[in-house]
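Letters A, B, C and D name the chains as they come in the text, with residue numbers starting at 1 for each one.
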Amino acid sequence: MATHRLDEAAAGVYIISATPFSENGALDLDSAARLVDFYIDKGVTGITILGMMGEAPKLSPEESEKFLCAILDYTDGRVPIVVGVSHAGLGNLVSLARISMDKGAAGVMVAPTSGLGTDDKIYNYFSQVFTALGDEIPVCYQDYPYATKSETSVAVFNRLVTDFDQLVMLKHEEWPGLTKITQVRQTAEQQGIRRVSILVGNGGLYLPQELQRGVDGAMTGFAFPEMLVEVVRLHQAGEVDKAEDLFDAYLPIVRHEQQPGWGLAVRKEILHRRGVIAAPKVRAPGPVLTATDHAELTRLMNRLEKNLEEL
Amino acid sequence: MATHRLDEAAAGVYIISATPFSENGALDLDSAARLVDFYIDKGVTGITILGMMGEAPKLSPEESEKFLCAILDYTDGRVPIVVGVSHAGLGNLVSLARISMDKGAAGVMVAPTSGLGTDDKIYNYFSQVFTALGDEIPVCYQDYPYATKSETSVAVFNRLVTDFDQLVMLKHEEWPGLTKITQVRQTAEQQGIRRVSILVGNGGLYLPQELQRGVDGAMTGFAFPEMLVEVVRLHQAGEVDKAEDLFDAYLPIVRHEQQPGWGLAVRKEILHRRGVIAAPKVRAPGPVLTATDHAELTRLMNRLEKNLEEL
Amino acid sequence: MATHRLDEAAAGVYIISATPFSENGALDLDSAARLVDFYIDKGVTGITILGMMGEAPKLSPEESEKFLCAILDYTDGRVPIVVGVSHAGLGNLVSLARISMDKGAAGVMVAPTSGLGTDDKIYNYFSQVFTALGDEIPVCYQDYPYATKSETSVAVFNRLVTDFDQLVMLKHEEWPGLTKITQVRQTAEQQGIRRVSILVGNGGLYLPQELQRGVDGAMTGFAFPEMLVEVVRLHQAGEVDKAEDLFDAYLPIVRHEQQPGWGLAVRKEILHRRGVIAAPKVRAPGPVLTATDHAELTRLMNRLEKNLEEL
Amino acid sequence: MATHRLDEAAAGVYIISATPFSENGALDLDSAARLVDFYIDKGVTGITILGMMGEAPKLSPEESEKFLCAILDYTDGRVPIVVGVSHAGLGNLVSLARISMDKGAAGVMVAPTSGLGTDDKIYNYFSQVFTALGDEIPVCYQDYPYATKSETSVAVFNRLVTDFDQLVMLKHEEWPGLTKITQVRQTAEQQGIRRVSILVGNGGLYLPQELQRGVDGAMTGFAFPEMLVEVVRLHQAGEVDKAEDLFDAYLPIVRHEQQPGWGLAVRKEILHRRGVIAAPKVRAPGPVLTATDHAELTRLMNRLEKNLEEL
C-alpha cells in the first residue's frame, strides 16, 4: 500500500509533526488531521511522526499506534510519511517499524540508543538494527547527540552506509555540525561511498549554511513550514541570497522556538494561534507558558509580520 | 484484591525480579513462575518487578501487562509485589500504576525522570506524580542517580515525605550514599519527620554498613537471595558480626554481579545455572557472556561454595 | 588601586575578552593591548578576562598571571575588569582572586564546580567560596549549566544572595533560561530580596528578550561589541524596537558564533579580520577553520554589512 | 638522571600516591617523604604521583612542581616515578611532562580530555599529544571513562599503539571492563600488535579477575599496598588461589575505599591511622568523615585484622 518509499534522492522538507492534545491531555485526532492538511498546504515534501519533539515517549503504546494509523489513513498517500521508531528494546523497534510499513509509511527513523561511546558500539548497534529490520525497510539515521549522548563519527557513518543499503538518509542534528556535513559529502565523493540524502534538524537554525554545504533539505518542526519549504525551493533554484533573506526574516523566531524542551510549548502555541491545533497543550511533565512568555511571543510574531512586509 | 499494601513499616528483602526470556528472546512465563517460587522459597519478603534491571524498557506494552498479570496471579498473595512504573509520560505512569493496583500489587516504584537538576524540579515532578496517582497508591521512591542523572537531596526528600503521605519507602541507590542514609534517619528523628522504610539497592554491595546505619532491608536482585534474606535476619536478631561474616563470603560475587549493564548477564547466568530460569538470555541490545566470562564465573561460584563450607 | 568595584548597580556590556595567541601558540600581549583599546573604543562598560571562552584553562599559571597583569596595567582604570577565577581547588581560586584584586580588578567571577546535583551542594560550595574569599571581594556568579553540569535553582540563588552580601551579580547563561530571569526578578521584588545585577551570556542570542525581562546588560564575547553596546543603550533609552531591529541585523552572525567550542574560532577570526588581533589562533586542542568555513564567514559578514546599510 | 624508563615490560604495583596536607590545608612534604618510604617498604614497584586521586587539580602550579621535585628527590631512584600530566591545554601538558622527565621521572600518564565521543576524536587528541611530547617520553594511557566521559575502543587503542611507540602502558579503569582487557590482549596477539603493559585501577576491585585475564599488575592507591603487592606476586608465582584468598580478606575495605570521591577521605584516614601521614585532610571542596564514618571504618579495619589472622 506504500505509494512512497524513502530513498537516497529524498529532498525538500520533511516536517516533524507535532502531536496535538486537547486541554485535558487526550490525543486530539481532529487537530492531527488539520495539521496534515496544513503541512501539505504549506508545501512540505513529507511528514515525520513520532519523533522526539512529537512527544512520542509520552504516548501510550495504544495511542502511538492509533496516531500512526490516523495520520497514515488521513494523509492517504498525498505525501510520504516517515515514522520515528527508536526504542530501548530492539524487538519493540522492529515491531513498530513493521506496523508502520504495513500501514503505508515510506520509511522509519532510528537514533542510536543512549551512551554509545565508541565507533564500534555505534556500528554494532545499527548492525543489529538493520539486520533485525531486514533490507526492505528504508531507514533514516537520526544523528542527535544532544539528546542521545551518542556521537556518530563520519568514519562509522560511512561504514554503515557501505554495509547497509537500507540506510538512505541522515537526519543531521549534531551541534555544532557544519563541518560534519561537508565531511560526509567530501568523503562520499572522494571515496566512492554511496551518496545518501541529508536533511537537517536543530530547528533549522543553520539551514542556509547547511544547504550551501550540500544538504538536500530539512527535517524539523518549525511552526512556519512555509519558510522551510520556500528557502529550500529558492536555494535549489539557485536563488541563494533570496533564500537566505527569507530565512533571516524568520530567524528571530527560529532561534526562539529552538530552545530545547521549552521551545516545544512555543511551537505548539504558534500552531494554535495559526488555527491549526485546537489547544497548545504539551503533555505533563512539560513546560507551560506564562503571561510574560505569551506577550513575548506576540511581539516576536508581530515583528515577523513586519519583516515579511518589508522583504 | 490486594492482600498487602506497602507502608512505612516494610522491612526485609524485596527482591528485584529478573525477567526471563527464552533463547529466541520471547517472554518465558514458565521460568517466571519458577522464579517466583524460588524467591519465596529463599525467604524474600516481597518481589519487585519491571524495574530497570528487570529489562522493563525492553518489553512491549502488551508484554509488560502480560508479565505483570502472570506474576501477580501466580504469586497469589503469598508475598507483596511492587511494580516499577517509571515512564517519560505521566499518563502512562498513572495508567500502569492503576493496572498494577487493580491486579493486586502492594505498591509502585517511581524514579525521577532524567536530568532534574534542582530541588524544585525534583519536588515539582513528584508533586505531579503523587497528585496524578492519588493518595491511595503507596509509592516507593527510587533514588538511583547513576541511571537517572537526577539527584535527590535529603532536604527535598524530606519535603516530599512531609507533603505526601503516600510516599512510604525510599529505595536507596545513590553511590556513594552511606552518609545520605544517616542523614535521612537523623533529620527524620530530629525534625519529627515521618519515618519511612529504606531498602537499599546497588546490588547490595554495602548491605552490612547500610543496615548498621538504620536501613530496613534490601531491594536488589542478587542471584543468591538467601544471602540477602539471612543477612537482614541476622542483623535484625542482633547478630551483627555473623551477618557481616555471611555477607563477606558472598562479597566477591556481589561485586562481580554489580557491574552496571554487564552484571545482568552474570545474574541471569547464575539463575540459569541454579536451575531457575530456562535460558540466561538478555534481550538485545545487551551483553553476551564469552567462554572466558563463563570460566571466570565458574571459578567464583566454586570459591563461594568453599567459603560457605568454611563459615 | 582599584578605581572600580563591582556592585549590584552594574549595567551595560562587560565584554568577555578573547585571549590572543600568535600563530605559534604563544601569548600575544600586543594583540591583547589592541583588544583592550578596541573594546573600550566600541563603548563597553567593562571587560571580563580569563573566562571559559577566554581559553583560561589552556594557560599556564605563569601566563594567567602575566595576562592578568598586562590587561590590568594597560587598561589602567579606564573600565572595570572582572576576572574569572573558577578552579577545582578552593585555595587556587582564592589565591587568583586575591592577586586579581591586588592588581586592581573590580571583582571576580566564579562558576560552581562540576556536577553539583542538589541545592544544598550548590549552597555549600558557594558558602565555602564566599567564606574563603571574605566579604571584601565582589563576586559575579556564573550560571552556565551547559559547561558546568551544575544547575542553580532560583531558590538557592536567592538563599545565597540573602546570606552573602558580596554576591552582587548573576552572569546568566542557562539555556533555555528566559523564565529564570523573570523568576529571579519577581521573587526578589515580592520577597524583598536584594536586587543584584544580571548580565546575560549565551553569546547574546536572546539579548532583546532578556532586556525586556529585566536584565541589566550582557556579559559575552561577541566579536562586534558595538552591537551589544548599542542594543543595551537603545533599550535603556526606551527605544525597544530600534534596539531589536539592530540586534536582528546581527543575529545571523550571533547565531553562527554561538556554536559551542567551534564558535570561538569564528570569533577570533572575525577579530582578526577586523584588525584587532594578529592571529586567529585557538590553542590546541581546538578547532581550526577550513577554506569552506572561511568562505561561509565571508558571506555572512558581507550580508551583515548589507543589513546595516539597509537599517 | 632518570635511572628508570617506563616500557612495555612494566609489571607489578605502581601505587597512586596520596598528596598529604596538614590540617590547615598546606602541602605536607614530611608526610610525603614518609609515604614514599612506606610505599617502598611495602614492596611497590613504582609510584604514580599527581593523578586524579592525588588531588592534582587542587594544587597550585607552584605546589605541583614543588611536590613533584620533593618526591623525585626523596625517592632518589629507588623506584620509578610516573607523573600524571593531563591538562586542558596541550602546552601545559607538555611543559609538566618535560619538567617531570628532567627531574628523573620514568614516564608520564595522560588521560583523554573530557567528552571525546568518537574514535577519531580520541585518535586525533592523542596524536597531538604524542607529537607534542616527542618520542622520547614514555606514556601511560589512562583509560578512565567514569571521570573523563571519553571512551576508548579497543580498535582506536590498537591504532595508537601501532602508530606511536612511546605508548607503552594502559592504565585500565573502564567499568565494567573485564571484557576489554581480554580483547586488548587477544587482538594484540592475533593481529601482531605490540604488547603493552596493562596495569589496573578502579581501586583494585577486580584485581584477581584482571590478573587472570592477563594484566601485568595494578596502578591504584589502596591504603594497604602490601595486599596489592602480594596478590600480584602470588599470581605471578602461579599461586592463583592463594592470591585470591588474600585479596578476598581485604575486599570489604577495597570496596569501601573505592566509592568515588568519598573514598579518598577513607583512604587518607587509613594512611593516617597507619601512622604514615600526619593528617587525613582532603583539600576543600572535599568530603569530611563524621563520627559514624569513623566508627564504621574502625569496625572494618578490626574485621580485616581478624580475616588476616584466620588466613
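We adopt the following convention: a contact is a pair of C-beta atoms (placed from the backbone, for glycine too) under 8 Å apart; a residue touches a chain by one contact, two chains touch by 3 or more.
Because the structure is predicted, anything quoted here is derived from the model rather than measured.
Student: Going by the contact rule set out at the top, which chains touch both chain A and chain D?
Tutor: Where chain A and chain D share a partner, that partner set is B, C.
Student: Among all other chains, pick the one whose mean CA position is farthest from the mean CA position of chain B.
Tutor: C
Student: Please tell me whether the contact surfaces of chain B and chain C are same or different in residue numbering, using the over-half criterion.
Tutor: Result for this pair: same.
Student: Counting in whole Å, what is the centre-to-centre distance of chain A and chain C, each centre being its mean C-alpha position?
Tutor: For chain A versus chain C, the centre distance works out to 34 Å.
Student: Taking each chain's centre as the mean of its CA atoms, how far is chain B from chain C in angstrom?
Tutor: Their C-alpha centroids are separated by 46 Å.
Student: Determine the centre-to-centre distance between chain C and chain D, using the mean Cα coordinates as centres, and give it in whole Å.
Tutor: Each chain reduced to its C-alpha mean, chain C and chain D end up 38 Å apart.
Student: Two or more other chains in contact with one residue: find those residues in chain D.
Tutor: If we look for residues of chain D contacting two or more partner chains, we find none.
Student: Think of each chain as a node with edges to the chains it touches; is that a line, ring, star, complete or other?
Tutor: Per interface graph, the chains form a complete graph.
Student: Would you tell me which residues of chain B are touching chain D in their complex?
Tutor: On the chain B side, the touching residues are 175-176, 178-179, 182, 205-206, 209, 212-213, 244, 248, 251-252, 255-256, 259-263, 290, 292-293, 296, 299, 303, 307.
Student: Could you pull out which chain C residues touch chain B in their complex?
Tutor: 117-121, 145, 150-156
Student: Write out the stretch or stretches of chain B touching chain A in their complex.
Tutor: On the chain B side, the touching residues are 25, 55, 57-62, 88-92, 95, 113, 124-125, 128, 132, 283-285.
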